[in-house]
Every structure is written in C-alpha cells, then in structure tokens.
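Look at the two complexes coming up: subunit A is in both, with subunit B in one and subunit C in the other.
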Partner chain A sequence: METITRRQFLRRVACTSCTLALAELSLPLSSPAGKGGTADPKGPDSPPAEARYYRRLPNLEVECQLCPRRCRVADLERGFCGVRENRGGTYYTLVHSRPAALNIDPIEKKPFFHFLPSTLTFSLATAGCNIHCKFCQNWELSQVRPEQISSFYLPPAAAATEAQRQSCASIAYTYSEPVVFFEYMVDTARAARKKGLRNVVVTNAFIDPEPLRELCRQVDAIKVDLKAFTDKFYREVCNGELKPVLQSLQLLQKHGIWYEIVYLVVPTLNDQEEPIRKMCLWIKRELAPDVPLHFTRFQPMYLLKNLPPTPIESLERARQIALAEGLRFVYLGNVPGHEGENTYCPRCRKTLIRRLGYTVRENNVRKGTCRFCGERIPGVWG
Partner chain B sequence: MKGGEEQGKINLRLPKSQGKRRAKATGRPLDFALPLSYAASVATKSRVIMVRSNRILNRGGEVDEEALQAVVDLALPRLVDAPSPAAAWGFLFTSRQTVGVKVNCIGGRLLSPSPRWVPVLVRGLKQAGLEEERIIFWDRSSRELREAGFPICQEGAGVRCFGTDASGAGYGPEPMQNGSYAGLVSRILTHLTSAQIDLCLLKDHNLSGLSGALKNLYGAIHNPNKYHDHHCDPYLADLYGLPSFRQKFRLFICEAVRVQYHGGPGFKPRWVEDYCSILFSLDPVALDYVSWQLLDRIRRAHGLPTLEEEGRPPTYILTAGDAAHRLGRCSWSEIELMELSA
Partner chain C sequence: MSLQRGPALLSALSLGLSSLISQILLLREMVVVAGGNEICLGLMLSTWLMWVGIGSWAGGIVASRSSAIAIPLHHGYGLLGLAVPASLLMVRSSRFLFGVPWGQVLPLSQILLLSFLLSLPLCLVLGGLFVLTARHFSSPALGIAQGISSIYLGEAVGAFLGGILTTLLLLPYLSHFQISFLLLFLNLLVGLVLWRRSRKHLLASVSLLSLLLLLLFALRLPSLLDRRAWQWHWKGMELVTTADTVYGNLSLLRRGGQITLFASGLPLFSYPDPEAAEEAVHYALLQHPHPRSLLLVGGGVGGGLREALKYPDLKIEYAELDPQVISLASSFIPSEAEVLQSPQVEVRPGDALRLLRRTDRRYDVIIVNSPDPSTLQLNRFYTREFFQMVKRRLHPGGIFSFRLSSSEDYLSPERSLYLATMRRTVRSVFAQVVLFPGPKCIFFATSRPGTLQGDASGLIRRLRERGLQNLYVNSYLLPFRLHPTKISYLNRRLEAEPARINRDLEPVCHLLESSLWASQFGPGEKRLVSWLHRAPWAWGFLLLLLPLLLLVGAQAVRGSFPAGAILGSVFAGGWTSISLEIGALLCLQIYLGFVYRKMGLLLSSFMLGLGLGAWWGRRKQGSEGWLLICQATLVGLCLLFLSTLSGGPLELASASPSAIESFLFLFLLAVGMTGGMQFCLANDFFLRYRTRSSWGTPYAVDLLGSALGALLFSAFLIPRWGIVPSIWMLTALDSLALIFLCFAHGTGRVQEDLGRNISNSKETRDRR
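Up next is the complex of A and B:
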C-alpha cells in the first residue's frame, strides 16, 4: 500500500478536483499537460503579460508599484510575491490567465453575508501572495511560485463564459492573494461584466491606492482580511504592515463599493480585548457602523500548528465587544450552527437571514429591507 | 605543486560595521561540520584559500579546465593540511556518500560557475572513491542549469545534473523552520544526497549586497523571494542554521574569475572585473567575509563606494557568525587567509 503524506494527499485531491471541475465545466481547453495541468495554446514558452503598476529604474532594475512593499527588483529577479519577474528591465506577471485553483463556491464561503446571499460564485486563484502569514490556510497555493504548482490556461473571456454557464452570479478572486494577479483579475472582471456577472475580491488589502481605485471601478464587492489591529502582529506574524490596510479600508468606504471585514482570531496573538475594542471603535468612526465584521475561528495551520483552535468563548467575547461599541452586523465564522452566523435586524432584532455553515436556511430581507419592520439593511441584495 | 604561497597579501581592511556586529568569543564550539581532525587543528581560526591564476581564462574568455584543475590541486591540500589532492578529497568525502554540488545558475551562461567545474570536481570526488553516478550537480531548475552550460542528465551512466524541478526531485512536503526562516527545502539536499559542495560565484547583489556561499543556498528553497528584506539578514543565517544545510555542506568554493562587482545579480558587462581567482573554505561565513572585503576592494579600485557606503552591507554574514548563530567566523582575528598563485 502506498504511503503518502498529508500534503501529497491534499495536492492529489486538489489536482483531481481541478481536473474534474474542468471536465465538468467543459472548458475549451486542450488535454492536460503534465501534473494535471492544461496546455496553453500559445505554448509554454509564450511571453508573459507585462505588469501594469511599476516603474523602470537605472541598471535594468524596476520598482513594483502595486503594493506598499514597493519591491525593487533587479534583472532576472522576482518581487516578494514570487509571481512578478524583471526580464531585462521590463516587469512581467507570470500568472495572467494561469489559475492554479478553480472551484464553484457558495458566496457565504468567502464570506460575504450581505452580498447576493445563496448565490454561487466561480472562484479562481493563482499562485502567490504579497505577505506571509504564519497561519495561512492556503499556503500551498499562496506561498509558492507559479512553476511550483499545477495550473491551467484560462484566459479572462473563457473564465467569464464558464462562470456564466455554471449559473454563477459572480466571479470571486480568492484563496491566495488577488493583488498579485491584479492584471488577470481586472481583465477577467471586465469580461465578466460584459456578460452581466458580478465580481468579488477576497483580499488582504495590502495594495497601493491607485491600483485599488482601478480595482474598485471593475468589481462589485471586496472582503478584506484585517489580520489584527497592531502593527506588531502585521510585522511579526504576517510580514506586512497595518497602516496601508487601514488606508485601503478608508478608500473603500470613500469609494462606496460594498465591503465586509474578516478578523481571524488567533489565540494569544490577536485575541486581546483592548486591540479588538480599538479596532471596533476605529471601524465605527472611520468607516461605518454598518460594515459587516466577521470574527472567524482559527485552526492550527502552516507555521502555527502549536496553537489551539480559537475557543468559542473568545469569538463570542469579540462579538460582544463589537456589538457593545455600536457595530450593527457582527458575525462569527467557522462555527457552524452558532447564532453568530445569522443576520439580525438592528431595529426589530428579528432574524433576517438564518445560516448553517455556508447555506442559507431562511432569508427575510426583501428589496434590501427587513421583512418585519422595513428597516433598510445595507448590502447588495439583487 | 605549482605556484607559491603569499599569505596575507590582500591586506583587506575591516568594514566599519564589523566592530559593531563582531562575533563574541564565547569559547563555545562553532556549529558547523568540520572534519573532526581538521577542526581540532584549526580550532581558533577558519582557513580561506584564495588562488589566483593568470591562465584561468583562455583566449576565448572561457574558464580553462587545465588551469582550473591546477587551482583545485593547489588549494585543497592546503585547505585541510593534506599531503596531496587525493588525500584532501578523501579527507572531505567518502565513497559511500552521494555528493551534491550546488551551483548558482540564475545569471545564465555569462554569470554562472563554469561548466568546466564538472570534470574537475568529478575527478576529485572519484579520488575519494565516489562513483560518477553518486555525484549530482544541481540548482533550482534544469532550465537554468542547461542555459548555464551544464549538461542535464538524470539517469544512465555518468554524473547527474538536474534541477529541483526535475521529476523525482521536488521540494519536501512540510516547511522547515529555523528562527526567521520557514519554507520547503529541495529534496536533492534533504533526500538525494548525503554531502554537499557549495559552488558559488562572487557577485554584487542589489538587495543582499553580496552573493556568495550563503546566498547560493537560496537556490535550495522554494520561497527565496520572501527573504530578501533587510539585506537577507537574518534569513540567510537562519537558513544555513537548518541541520540539513549545516551538516551536509562540507566544502565551499567561490568562483571569482569574472566578478560582477556592481549592478548584480544580473550580468552587466560594464561592471565585470577579470579577477581570475577562486576561493576555498570549509567555513561559508569566513569565505563570504573575505569575499565581502574582496568585492569592496574591487569596487573601490573602480571608484565605487563600498557596499556599506552604498547602504547595502551584507550583514547576514556577521549575523551568521554572531554569538547567537555561530555558524562560522567573521573577523580577521578568526580567519586565516592564505593567498596562492597557480
């Protein structure tokens, strides 16, 4: 009997899922080319797409201007994300049209609780990420280079066509970090809109203001992973920075695009009451009390296997703090069956949307209002 | 034996930062894998041999195999106090080992270790009793090896040469962690070989300052792009602190024949110096420390500021040698530099 590691098992399952999904989707692709991938009709050596946000420097160097990291990249080198490469002074994205993960998910899985509930979303992701979280749940996708993982050739128009054919209401750019496949995301979003589909993004919001503004023009909703409310956590646990993420949230609020916030509660690292309280006050003051805030449960993963899963009490305490500080839509995630999964009307307190995991059991929102008292419920409902 | 010994000729000066970051002499043994007898004989110093050869580049600008052989035959016995090259190879490696030779080929044909190293090192390792099939030249990808002129061979008779991306190689299943570093490590290092030679190139690097023996190790991991902040400090030190690296790498060779002294890591012909030297050591920290001084000297000779003056000192070298890491030696008082001519 063959013995395989957990990682090998997951990889096989992922490859099989992707292959099956593609077979089911009947994508107009040629036969898989090694490792479960699918051949690029332009050929494996076809030139990659040029990146959009960068500037040329002397001596063939470039400076990436996509995210606050501002990588200075020498010829033949890559940026921190591992998916952008300097070739002779021109910066390229190596993942345009090269998703490494494709799935059809309920929108609640992202999670979006105030955006087209009960609909399906066509989820895609490429390799790469511009930060490095020690608790990453998708590290085998986000923390690898594109050549280290199986991928498919799926250009924007084909992605949009298949999303529509699968009766998905939207395309979700998710799993890894969509910022690093910005060009592919924006091109696909344009193609999807032409077909009447929506676009949603699941991101760390570690992105420069200019590309974020362009993104806001092309997509319909953004879910931001706010990893913590201390710069120390961002630097030590995520190799990122807090300030640019907060600035991104302010930009989203100013732009008016629909967005929700997720806060993964990691025991001992970001579960202290005071920073959570400060975060809630900041959200209320700088953003809006109507912004949905999801406290989700951590599971031991990647480089933080030494920590236990988040106690339910910690999540409940965080939720109580947020509600007490005046946030109106506060949820718990990764706790199926908990009352914190439901949406309650902030006026009449009745249950508006009853959920169990990723499924909606009952929906009492009618044309964006509470069916019982008529209170307007913020979100995108149709 | 050809050539003569000119110890201390280079007379390299300490960088300003060295005083701040110098390793403390605690008396604790260094944490790297010297052969025991050698370690005892040089307990207080790490030896670095630098051999200069005016014949190393032929008229076509290629590394000359015969001259290279002469350099190796001159250096290795001095490095380990052995009576002959064969004895030196036998001192470093055994016939039961499978030896990897990690090269750094990202710079392509114009800025990678010469493929002429293959026959030279194979001859040497065979003197230690190894069969050719137990010698693997490797880097992160077969394509980069091929483009640098290394003939790819994964099976059949003869020496092996392939990248981590080759079938049957790949990266380990779980991340390895040490201090600030966490990532997957090439199975060529962890599973397919029992000893290693680090065959690097001396070159300038826009982020790390210097690319040498320690920096070459980034080609053995899956996520080097995550570890270039702060001049790769302390990431490179923590990476080399992983047992798989520290215990297997036994010999470090730095090709400084054509030195990219500025504008690296890519090839920029206007900043290349034909330095015609090769450095050898059993201590990668000492080797990189000497390389740092060498690179600064070449830069000064060309009117360029030192790496520190330019704001990118390779402080990871000092970190690797500090009291917390003790992976090698990084001060002149602890390094025995021997300059030879072949």
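Up next is the complex of A and C:
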C-alpha cells in the first residue's frame, strides 16, 4: 500500500513551495499588470483576437454561437458575458491572453477526484461569465468587464511554459467561466499539450454543442457545475437554463472525455430531496453510474447572504440518495475529514483514496484498478 | 372653542404618537432588511419626510378648497391606523414584492425603493391629516397659522410621549405587530371621536372598539401575525425563536440539524461549523509562543470557545456585544451552555469597547471574531481608536487578530483597497503586521517586531508541539492555505492601493464595505459608489447650497425676497435639524452601538424640543428678532457638536455611557427646540401675507429641506467626507440662511412687506 506519511507529505509540500517561491521571483507574470486597476502596461498594444463561433448579420450585427444565450450584438456592443465585442461586424474576444487570476492549486480543489490525484494544476481565469449565479464565490471576477479589473498579459505559449516551470501536471481553466474565454482556452490547451501537459476545464456547461465538441478534442477533463435540477432555479438564481446544460452532459458522455459533476447544495433553494433524487436517476440513466458526483457545501456569499451554510446533514442526505439510486462515486465537498471525501471501491468497499481536504493521504488505485480486488476504477490516473 | 379642545388635543397627540412609533418600528424593520447598515436610517427618514411633505401639501389643497373636511378627517385616522400593520407586512414580504429569491440580500436600489414605497401610504395620510386637523380645529379668530402651531405643538408632545413609551415600555415587552395593533386602536378611537354624533354613541363605539382589541390580543392575533411574518421572511427554515434586543434583531433558525443565528438578517454563526470555529481562534493562538490568557470578542458560543479550550492552561475571557446572543445559544445549543460553565472561561457580557477601557487586565492574545464592518456598530471594532485600546491591553509581545472577508483566488481593486485600508489602520498602531490569505483574510498584529510567523512552517511546528487535533487548521491543510504564492500575491495587491486610515468618525472601512456591497448589484450602483468616493468638495457644497439659493432666488424673482429668506430659513432649519438628528443617532451607534433600542429616546427628545420650541414660538410670534436668534442658534449648535466631537467623546463614552447618552439627548432637545421655534415664527410671518392655498407651504418646505438633508447627509456627505466635515458644511448652509435673513431684516423689508400684504388682504376682504 502506498501510504504517504505526514513527514513525506510535508517534505513534498515544502519542496514544492520553495520551488514555487523561487520561481516566482523570476516570474514576470506573477505581478498584476494593471497596478491599481489601470490599463495593462505590459502587454502589446495589439488589437484583440477575433472570436470563433459567431455569424455575421445585416447592419453590422453579429450573432454569437458560443453559448445557448445566442446574443445578437449590434456594432460596438458586447454580448451578455461582457468580454466579446462587435467591432464593425467582426466579433472579438477582449480577454485572449489576459488572465486576471493565476494560481497553483491542487487538482482536488477543482474538484477532480478521479483525475491525476495529488498533482498540482496551473489555474487561470479571465473576467466574465455567461450566466449570473447569485451565490458565485468569484463574483468579483466573473461579473465584471475586463477593463474593470487588473489583468496579466500571458499568451498561450507563455502560460504553458509557466505551468511546466511550476511543476504542474495540468492547466485548469477555472474560477470564472472558461466558455467566455474559449479562444484563449483552446489555444493554451494546444500549447500545453505540445509540452506534455494536460488540460482541465471547470465550467457551467452552458455552451453550444459545436464549440463543446471542439473543446472536448483539446482538453482532457471537464468538471461540470450542475447548479440544480430544476429550470426554475436556473432561471431565478442563475439567469440560465437547465436544458442546454443537460444536453452538454450527454454530449460529454457520448464523446468519452473524462468528466465529473459538482452540485452545490444551497439551503432552501436546491436541497430538496425529490429534485436531487431525479437528478441522480437522470445521471444513472442518461450518463453513467460511474460519473463522480460531488455534493459541495455552500457558504453565504455574494447575493445569497441571508442563508446559512449548508448543514452537513443535508449533504449527507443528498449523498445517501445518490448512493441509493445506484451512483457509485459520490463525494462531499468542502467538508474536510468527512468520510464522504474518500473514494471507495464499488466492489470490495475498501478505501481506495483517503483524502483530507485537498490532500491525498492514501492512494490504493494501481493502474486504474483497485489494489485489493482488481476492480476497474474509472478516471485518468496517470 | 372649549368643546374643541379635547378632540383637538387627542387628534394631535395621536398624530404624534402614530408618527413616531410607526417611524421607530419601520426604521428598525429597515435596519434588519438592510443587514444592519445605518445608511438606511437616513434613506428612510428622507423618504418619510418627503411623503409627509407631499401629504401636507395635498392636505392644504383639500383644506383650502373644501369646507367639508370632517369626512376625510375621520376616515383619515382610520386609514392611518390600518397603514401601520400594513407597512409592517410590506417590509417583511419585501423579497416577495420585488421578486427576489429567498436568501438574497436586497440591492441598494431596492432598499431605496422599499423605503420609498413603505412610507408612502402612512406618510401621505400623516401629512394630510396634519393640515386637515389644523384646519378643522383652527378658530376663525386666530386663523390657520395658530391652528397649525397648536397641532404642531400637540403632535410634537405626542411624538415625545410615543418615543419614551416605545423605548421604555412597548419594545421591551411587545412585538412590532402588537404595537401596531395598539396604534390601530388609538387611531380608530380618534376617528370615532371626530365622527361622534352624541356622547352616547361615542361611549358605545369606544367600548366596542376596546372589546375588539382585547379579543384580538386574547386570541394572540398580533403575535401570530408577527411570527407568521417572520416565518415568511425566513421561508424554508424553521424559525426557532426571534428576539429584538438592544443591539438589533436576532433570529435563531434551524435546518438540517444545524442552528444558525442571524443578527439583523445576516448569519452570525452556525452550529456545528467546526471550520469557522477552528479558524476563529487557532491561527491567533498559534502565533503566540505560549498563550496563557485570551480575550475573545464575539463568536465564542459558535464553537470558538470550545476550540480555545483545547489549550488546557488558557484563561479565556469572552465578551459578546449582545448578551442575548449568549443566552439564546445557551438555551438552544446545550453543548455550548456546558462550555460556558468551564472554569477556564469567564463570560463578560457587554460591549468589548467598554470592557477594554475599564479593565486593568492584560492578555496574551486578543481576538475580534465579529462580522465585517458592514455597519457602524461593527466598524467600532476595526478603527484606529479601538486598536489603540487593544494595544494597551496586550502583554508585551501579545497578539491581536481579526478576520475580514476576502477571496482566495482573485482580489478585485475594491477588495484590495478595503484590505489595504485595514492594513494601514493596523500598521498605524502596531509595529508588526502579518496577513494570511484565504476566503477570510486573517490579520495579526503585535507591538514587538519579529514575533509573528509569516508562513506555514512555524505554525505547523507549534501545532505539533501542542498536540492539537484539528480538522481544518492542521499541518496538512496549512501549506495550501498559506502557500507562498498566495501570501505574496496578497501583499503585492495591497501595496498597490492608496489606503486611508479607518477611524471612528471617519469610517472609511464601513464605506468601502458598503462600496463592495453596492458593487455586487451591477455596474450602475458600482459607478455611483465609486463616484461617491471621488466626489470633489465643490459637489458637496453645490448640492447643499443650491436648493437654498434656488428657493430664495425664486421668491426674489417673484418680488418677495423676504418671503424667500423666511422660506430659506425654514428650509435650512429642516435640513440642519434632521442632519444633526442623524448625526446624533450615528454617534450613538459609533460610541455605544445600541441605536436599535435607543433611537426612540433620541427621536423623542428631538420631538419634545420641537414641541417646546413651537410653544415658545407661539408666544413670540411676530418677533423678527427671535427668528434671527433661532437661525443663529442653529449655527451655534453645529459648532457645539463639532467641538464635542473633536473633544474626544469616546473617552466620555467609555467612562460613562450614560454621559454621552445624556449629552445627545439634551443636544437633540436643543436642536428640536430651535427648529420648532424657528418653524412657528417663520410660518407665522409667511402666512400673514400669503393666500389660503399657501397654508401648507412652510410645512412642505420644512419637510422638503428635511428630506433632502436626510438623504444627502446620510447617503452622500457622511460616506464621502465623514461626520466632522459634513457638519462643517451644515454650518455653512445655516450661515448662508442667516445672512439672507439678516439682509431681509437689515433692509426692514420683512415688516414692510408684511404690513403691505396684511393691508392688501384687508382691502380685498373689504371689497368683497
């Protein structure tokens, strides 16, 4: 059994930290380009990149075909996301190579529990989002326009180089909504692959099928935030729609890319048993029982401050429902130390991966199989 | 006339009682809706006065055009009674009215809209009834001006009684709905008295009404309505109990085996929530090499004390601003009641600010575990003045710590400025300051440089040495929480921001927190707030002085500069009185923190002053010199307030809270007296040479000035420049009004104009 002792763990963390701290001293990208929120002085003064997935309309209008919102954008206007602009009938992305947040995170933070466990991922995000969740934990990034925040200048190749230099196994497109910086994400993913790095996406899956297919070809794993299983919640709390998200999930299943689902349990709004049960049945029927499902804990923030944090009992109940309905890998998130953080073998029931928060304490998966009984464990393990 | 005196007095008293009591109730409800933010007090008062002004203007028109005002009058009192519980229902169902999902905080625009709508029915009726009642009871011999003054006096006395009654008798024992039903009864009674055909009918009606009220209370209808309205407010959660305390509203809610205490609508703590509890105390205790004594300010019963008790040798003093928090937690969370019994724990209920001032003890660690400074009440724990007190109470090398909301992955310019302001404030007091990043940014400060650990390694070593078994603050998670890249990113972002210092009377952090709050709701509100931050002085003076200049100028163009000067004086008087009233309320909150309970006393002292001033003004009517004296007194009162604020009332408040309460009480009494007298004198001057359609004009101008004053003082001047510069601006406004009056007086044109107008009106009457 490959058990990581506390001493080993600390040594690894210390080494990684030192490497990163030293590397950071020489990183031009690690300081915000726009000090105090001013324009970026470090990037080239070049025009923004042309967007993909749009069509031109009469009168210099364009229709964005990236997400189901299908914004019809007049000249010099922007779409709902605020990061794509029509300039004379050509649609541009304003955030290509302009991430505003860069971090090195454990892959478990995304969370990915069946994808290269205990590796580090180079996280990047730009401004903007194509929905508006009232509980967004990154609202200061996702609900603003690019010019309202300070950003870095980091072209795709440089991002891949930095991720490699930081000893990261992957690049994660995360925090805000990667769909709105689709072009930057895809270009960076290509550059990362050339350097042997993987790519993971943390998304709301509110995206049109065609761009999603392209994305699946360029990245290695996708984590989908399924906000709720009712259209009412999507409309009232997220300003989105449920149906396109479910279609995206079906497409991911069909494509065969690795994906995991996260369901943030918000007290009184989406914690009712019946919709959760229906969701689990749908996942089992339309996707697969092997899809990892994470129930994560809500903390009152952004606009939903008149609510308590999610009771652990509610999370446990949701997990029980999912297990009872036949899903095989069901987790609790944001509850370190809870047994629901661990991966159990569906056949022999033994603990495969023991976690504490973002750390892996014990890993018994060998070449994608259970070390004890040989059961195949779905995921990307190496 | 003697037959009229009883009903007139009853009507005026009822108006005053209803006005002030319903104002207190709705202000308290709005504070809860706005998450405790005191800016809503000014907004609410502003819209309140505006609608009362419009109501009085409309009432003036009705009174001048119709001789049959008895019917609208007694119907009006019935409506007034019904409007109070209806307004309470409206505020509790505000989320439903605006289509806001349960659990969502209301945006600034909707809070403004709510205060606008909430006071509409009630205040229109109040304003209209004021003029109609004055018209109804004024005698032909003395005229409408005398009637208005009499009702003004009676209303002021009623308001004073209402404030005292509410604060001392009603609020400690009755719910808001119960109080509103008493008001309903009172106003129906007045309506009946005015409607009466005979004494026999009146007695029968009053008896029936009393029986009905008793029946309602016996059936506990108001209590049930109150509880149902709260349940509606907290839809989806089990309301265990709710309590209105000295400091605000506390609601204890249960869902899924977890209990959450909400203070003024925002979660204070949840139980069980080991993550929050561990983070609250362990980081600070780990920063100290050998902690022996701890002062924990807030959050002890949410699990913080339990975590601190993992240190067997630690003596813990626990101070909670609101003692009801401890008693509620003890009653409904038995395990926390046990913790309070530990011999290591000493509970010190009451304001930590006063505790720190009075105690001789010193501590190794002081932790403030309070929510962010989103209100002035909370901002008191994050100011330079508070930090200086903390420093005096720490042992050499002692650690002070608190936490503020932040973001783990990205810091926006607004968030960075907010954190940078706090860091600069702490640095202005302590020699070494260290910040840890995360969803909550943790601040550590000490007077001895080199004491604080800046990264995870030192804390992990101490965790091991102390054998602490934590779920969250442990050696596995600390390296991620305190990753060097995150620490360096945080420090760099904060260095880039030009920060000010957060002080009691210049609550910069409270403003920045409000700015962050506003920026949540969209670019429009964000732009408005960011403009507010940068507004130049000229804008402040322009917004303050322009209405006065326009008012006086408009009258001067019509050839009556003295009338303009008089109206200008009324306008400035209304503006100043309400601004000083708000200023006093905010000072009470800043120094003592309990405006929620005591606002009634301050409002009533102001109203008593208005009454006394009106009474005195009636005796001096026709004396232009007294009008000048009143205006000059307002300037003097502004200067007195300024000198008191610069004289360090914090010292006074810490030594004796009642001293500052008494000062504010007497100060508002004086403000009210001056304002009341000024209004009576100006009203008399103005109405002597104006037509009947102008009956409501001075009252409306007074209310317009008050409404604008309340709005701009609380939502613009104070947030932009702080309390002291705002009062300097008020002084400028009053001085200008005084100059206009002096000019009109110096040219002798007031008396001349008056004489001419009076003789003109006599000639007109004679011709008719």
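FYI, the second predicted complex is superposed on the first by the 340 of 382 C-alpha atoms of A that agree within 3 Å, B and C clash if a C-alpha of one lies under 4 Å from a C-alpha of the other, contacts with A are read in each partner's own complex, and residues count from 1 in each chain.
The definition used in the following text is that contacts are C-beta pairs under 8 Å (C-beta built on N, C-alpha and C of every residue); 3 or more make two chains touch, one makes a residue touch a chain.
Given the structure is predicted, the values throughout are model-derived calculations rather than measurements.
J.: Using the superposition on subunit A, tell me whether subunit B and subunit C clash or fit.
T.: On the shared subunit A, the partners clash.
J.: One more residue to check, A:267. First (subunit B), second (subunit C), both or neither?
T.: second
J.: Between subunit B and subunit C, which makes contact with more of the residues in subunit A?
T.: Comparing subunit B with subunit C, the partner touching more subunit A residues is C.
J.: Given the touch rule stated above, what does A:150 touch, subunit B (first), subunit C (second), both, or neither?
T.: Touch status of A:150: second partner only.
J.: Figure out whether A:104 sits in contact with subunit B (first) or subunit C (second), or with both, or with neither.
T.: second
J.: If you stack the two complexes on chain A, which partner ends up touching A:275: first (subunit B), second (subunit C), both, or neither?
T.: neither
J.: Examine A:75 and indicate which partner it touches, taking first as subunit B and second as subunit C; both and neither are also allowed.
T.: A:75 contacts subunit B only, not subunit C.
J.: After superposition on the shared chain, which partner residues are touched by A:289: those of subunit B (first), subunit C (second), both, or neither?
T.: neither
J.: With the two complexes superposed on chain A, say which partner A:138 touches: subunit B (first), subunit C (second), both, or neither.
T.: After superposing on A, A:138 lies in contact with subunit C but is clear of subunit B.
J.: First (subunit B), second (subunit C), both or neither: which does A:302 touch?
T.: A:302 contacts both subunit B and subunit C.
J.: Scan A:368 for contacts with subunit B and subunit C and give back first, second, both or neither.
T.: In the superposition, A:368 contacts neither subunit B nor subunit C.
J.: Both subunit B and subunit C contact which residues of subunit A?
T.: The overlap between the subunit B and subunit C interfaces on subunit A comprises residues 6, 134, 139, 144-145, 148, 302-303.
J.: Name, in rising order, each residue of subunit B that touches subunit A in their complex.
T.: Contact set of subunit B toward subunit A: 106-108, 141, 165, 171, 173-175, 177, 182-183, 205-207, 222-223, 225-226, 228-229, 263-266, 268.
J.: Mind pulling up the subunit A residues that touch subunit C in the complex?
T.: 6, 9-10, 13-14, 17, 20-21, 24, 30-32, 35-37, 100-101, 103-104, 106, 109, 123, 125, 134, 137-141, 144-145, 148-150, 175, 236-237, 266-269, 271, 299-314, 317, 336-337, 356-359, 361
J.: Mind listing the subunit C positions that touch subunit A in their complex?
T.: 35, 101-105, 235-237, 253, 255-258, 260, 262, 265-267, 270, 272-273, 275, 405, 407, 409-415, 439, 456-457, 460, 471-472, 474-477, 479-480, 483-486, 488-489, 492-493, 496-498, 519-521, 523
J.: Which stretch or stretches of subunit A touch subunit B in the complex?
T.: 5-8, 59-61, 72, 74-82, 132, 134, 139, 143-145, 147-148, 239, 302-303
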